[in-house]
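Next come two complexes, and both contain chain A; in the first it sits with chain B, in the second with chain C.
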Partner chain A sequence: MSDTFTLDGDEIPFESGQTVMQAALAAGHYVPHLCYHPEFRPHGSCKVCTVKVNGRFATSCTLPAQAGLNVESNIDEVNAIRRTLVQMLFAEGNHFCPTCEKSGNCVLQALGYDLGVMTAGFRHLFPDRPVDASHPDILLDFNRCILCELCVRASCEVDGKCVFALAGRGITKHLIVNSESGRLVDTEVDLADKALSVCPVGVILVKRKGFAVPIGERRYDQSPISAQALADAPREPAAPAGRPCSSCEEGS
Partner chain B sequence: MSEQVDLNAILDRHPRRPESLLQVLREVQEAAGGIPPGVDAEIAAALNVPLARVRGVAGFYSFLSLEPSGHYRVLFSDNITDRMLGNQELMQAMCGKLWLEPGRTSEDGLASVDFTSCTGMCDQGPAILVNGWAIPRMDGGRVDQVAELVLAQRPLAEWPRELFLVEDNVRRADVLLGHGLQPGDALRAAVARGADHQVEDAANSRSWREANVAAAQGPLATLEEIKRSNLRGRGGAGFTTGFKWEACRNAQGKGRYVVCNADEGEPGTFKDRVLLNSHADLVFEGMTVCAYVIGASQGFLYLRGEYRHLLEPLRETLARRRAVGLLGKSILGQAGFDFDIEIHLGAGAYVCGEESALIESLEGKRGIPRNRPPYPVSHGYLQQPTTVNNVETFCAAALIAVQGGDWYRAIGTAKSAGTKLLSVSGDCARPGIYEYPFGTPVRQVLEDCGAERTLAVQISGPSGICISADEFDRRIAFEDLPTAGAFMVFDNSRDMFEVARNFAQFFAHESCGFCTPCRVGTSMQKEIMDKIARGQGTKYDLDQLGQLDRVLQAASHCGLGHGACNPVLDTLKRFRPAYERRLKALTFQPAFDLDSALAEARRMTGRDDAGAHIRSES
Partner chain C sequence: MSKLRVATTSLAGCFGCHTSFLDIDERLFDLLKLVEFDRTPLTDIKHCGPCDIGIVEGGICNAENVAVLREFRNNCKVLIAIGSCAVTGGLPAQRNHLDLGDCLSEVYLTEPGTSHGLIPNDPELPLPLDKVHPIHEVVKVDYFIPGCPPSGDAIWKFLTDLIAGRTPTLGHGLIKYD
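Moving on, here comes the complex of A and B:
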């Protein structure tokens, strides 16, 4: 007999070792998330997947599932926090959806629509973040980075290259690449790398592909992210993720 | 970069493992005034880590710099107590003398002058660090003196010793500061407990003494005393020490570790500085008692970088203890009782006081708090069982090993056993260290330190609580006012808005940046406080401060974010006029009405449905 917890009143079965997020997605229940990706080890930094568990707030992607938990996700109090977090991510970087190649395929933008983010909320910081166009086939536009570390994790765990890393602290934290010059062209990056396909926003872009699919026909133009995220989620219990890299990952 | 660095000599002092990265970087920084170009790649190759990780770690810690920071790097401590003593004027004066701008290295690469978070000298501020070495009691004369030494390019080693003299300022001693123990007393007492205590379940313990049931009785008997004492952690959270030790002792692992958290970064706290300066043997004794109880063979003292001046004296104390058999192999002649202590130096990161971030830092990484569970007692240093305790906790444990749990429990209150060291600073005649039994009212402390016309006291630093005069009968105790030790006094000449603004700047500077709410939220809070300070605030801004608090409380990754809005909320609650008199308008009233601006468009399109209207936000 498998154990269960409740999520917004529904019984969710889980297996030992699953987090609340993994069990919820496997059972066909959407919990909004951004830095969580089923193929990688949970990270727990964006906090968009915050839920209320037995009356206290917790990060559902890293919280181990336990029998009898009372998890509340789709409630006003929690969604208000998620909206503020998405506003914070927009305010922190330089996000101009109308001119962004990723518009329509962007998880941040899709979450903004789905959660009902109607205003800027905060005074935007407009940081100065130069792009790295050094590579002939890949553009890095750091203006849009939300520091989810998916590329860091993919490059270390799957590609085994550790091309990406984080530097700085606090609001000056930023993505860097692993080369003496600090430029992407001098790293081991390759067009086939997993790291190039996981960016939820428009930082890592393959050149000359930006508008191959017209705006209006893109992924989140079809249906909201809450309807699509479940399609990505593995219905089987998550297989152990790739090789953890103790050198590069934060907070693991 | 003004000096060449002998990288091989530094690398030779450390195991060539990734865990050595932070210590190597710190020593390179100290030798060369920065991490010179190219040296980062050499370090990466030698320690077998990606270059980007070297740069990532170097960029995390305030005292490390990949850019040249001058032959002399002068950092002014910027706690509110330093500000109250005039640090900003002194900094301007220093910049004038050295002909440079704050935060910018001089053109000739000679010097830079900047601010840093509280350096733990609040009882003798304003304080500075010069290339990491503390100089307290700055005044106009000392600014001139330091500037002249810098301009004359005198090596730091030749500067007058009295500049670097740090006082203990112990004003009230109780059982801990008046312990009277000699090195080894607590260990001998712990070992002797095995002889007269019969503990039945010794064989169930999973320590390295498993095979030796007779010898295992000392550790268990000592653990029983620690548990009976009701000792709770002195770092602020107040977890019961005995349970922590027991959980660590019983956890499965390849080895166990004892870590002393001497990363005393909470602004206004400086008691650990005094314990490490004058009672280092007691600290190490407590760590060794812990090692004996849990079965650890390696210990670390994580010393904050601001206390660089304590490093060599502490290493000498360790050497003395090794020489007399209180550290090393077979301590006190007990076969298998092997334990030694290594000192790791921090490099300017408040968040490393959080125990899991401290462990990450010990492993040579960026100091990011880990996801918990699992907790350090089972998965700590190198994922092995690890006990992390505060400096003062280890001192108390050593006392309990000698005097017993009942003796200790009789001191203080029912829920807060023992005594607490307070670091008293701010507006009072006698700042310094005061040791009180738990349960002492705030009013008593204020009387003893000579505080007059007191408006407010910040208990336990910015993460703690700000109380006003009608609360001075509250007591220092876990059940009323829990504290890690900071006790900052503000008299009625002070502006509590500026106090809160200083703390908001502190949190924004020290957020590790891992999670969204703290990384962005602390910066937003600082922006709003600065906006109000400029006279541009409205009631909307006060509401937004409340909203930030809710999100940071709910969603932050660690205690830094959870508590980052406390100073603002506490002062808003108790000293609201200090905010409101700065506001441009009490209610937000935009001159521009969005809905009426759409009236023409509605007329033109013939629409008047709900979607053709915009409701004003306030």
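Moving on, here comes the complex of A and C:
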């Protein structure tokens, strides 16, 4: 028999080694998240998955499940924090949804919808982030990067190429391309790479694929992200290529 | 009950939100039982008097936008930002990472055939601002309706909630950023 903790009053069973997030999703309970991906180790950077655990705040994607925890997720206090986090991400980058190919499939946008974010509220920073269109088949629009490191994790741990990395600290932190020239065309990136399919927002786009599905008929147009929790339930890690990764904080 | 007075305007926008407002179609007649219009492109009244609700489409890209926005804030008890441009700066704000002088010379001096090689400087023209801003960066805004444009249904839901004294909520399918 497995142990349980409570999530918003419901008993959630868990296996040892599971995080609160993994156990919740496996039990069909949605906890909002952005940098968590079921095939990768947690990164714990976006803080959108914050929950209240025995009265203290913690990120559920990194918190090991323990018997008897009292986890509160869908409460006003916590949702207000999530809303502010999403607002800050919108104000920090250049997120022009009407012109974005990812609109309707974007996790950041879907979280905004679901949390009822009507405005970024803060002063928009409007940073200057030139795109990298050097590659014949792939466009990088850095304006939308939320620094979740999913592409970094996928490229290092699965593709074994380490095409992407984060550089800088604090507000100057940004995504870079690992090549002498700094341009994507000079990397070993390939259309089949896992790294191309994990970006939750609209940074990494395959060229000449625009608007294959019309706006209004995309994933989160169909149903709210909170109703799609099972799609994010834990599954086998993406097959690793086994190349050690020097740019990720934890190695591989 | 006396009717609520409503003013609307389009600043650095494309009138898409006003067009979407008209997409409430025959519900406009129901609305007109509850509200009357002050300054709006529909009445062509040029200045806004005391109003209950002000609805502003478009962001702030020039000095005239700022003056009109302030007129709305000074006269409207409740101010609503409608559409991506008013809420986030929107597409006009995509010039924000460029130098304004460079933009003007690219359009009027470098590109062939626009204006006899002169940057327009008629005193009637409002001066462009260095950057385009969402309206909440200039005045206090009470409510936001995102979307490019928000659908007629979203606008209808929002306004009827507000007029009925409920906290306006949109919910899935009506809250959209695109």
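What we mean here is this: the second predicted complex is superposed on the first by the 233 of 252 C-alpha atoms of A that agree within 3 Å, B and C clash if a C-alpha of one lies under 4 Å from a C-alpha of the other, contacts with A are read in each partner's own complex, and residues count from 1 in each chain.
Please note the rule applied: contacts are C-beta pairs under 8 Å (C-beta built on N, C-alpha and C of every residue); 3 or more make two chains touch, one makes a residue touch a chain.
If you're wondering where the values come from, they're calculated on a predicted model, not measured in any experiment.
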item: Partners on chain A (chain B, chain C) - clash or fit; value: clash
item: Touching partner for A:Thr99 - first (chain B), second (chain C), both, neither; value: second
item: Which superposed partner A:Val20 touches (first chain B, second chain C, both, neither); value: neither
item: First (chain B), second (chain C), both or neither touched by A:Asn178; value: first
item: Touched partner set for A:Ser223, first chain B, second chain C, both or neither; value: second
item: Touched partner set for A:Arg169, first chain B, second chain C, both or neither; value: first
item: Which superposed partner A:Tyr113 touches (first chain B, second chain C, both, neither); value: second
item: Which superposed partner A:Ile215 touches (first chain B, second chain C, both, neither); value: second
item: Which of chain B and chain C A:Arg123 touches, first, second, both or neither; value: both
item: Where chain A meets both chain C and chain B, residue numbers; value: 119, 123
item: For the chain C and chain A complex, residues of the former touching the latter; value: 81, 84, 87-91, 93-94, 96-97, 131, 133-134, 136-137, 141, 143-146, 148, 169-170, 172-173, 175-178
item: In the complex with chain C, residue positions of chain A that touch it; value: 90, 94-100, 103-104, 109, 112-114, 116, 118-121, 123-124, 126-129, 215, 221, 223-224
item: Of chain B, residues touching chain A in the complex; value: 18, 41, 49-53, 55-56, 58-62, 349, 360, 363, 365-366, 368-371, 373, 508-517, 519-524, 527, 544, 547, 550-551, 553-557, 617
item: Contact footprint of chain B on chain A as seen in their complex; value: 42, 44-48, 50, 57, 59, 62, 64, 81, 84-85, 88-89, 91-92, 119, 122-123, 125, 146-147, 162-173, 176-180, 182, 246-248, 250-252
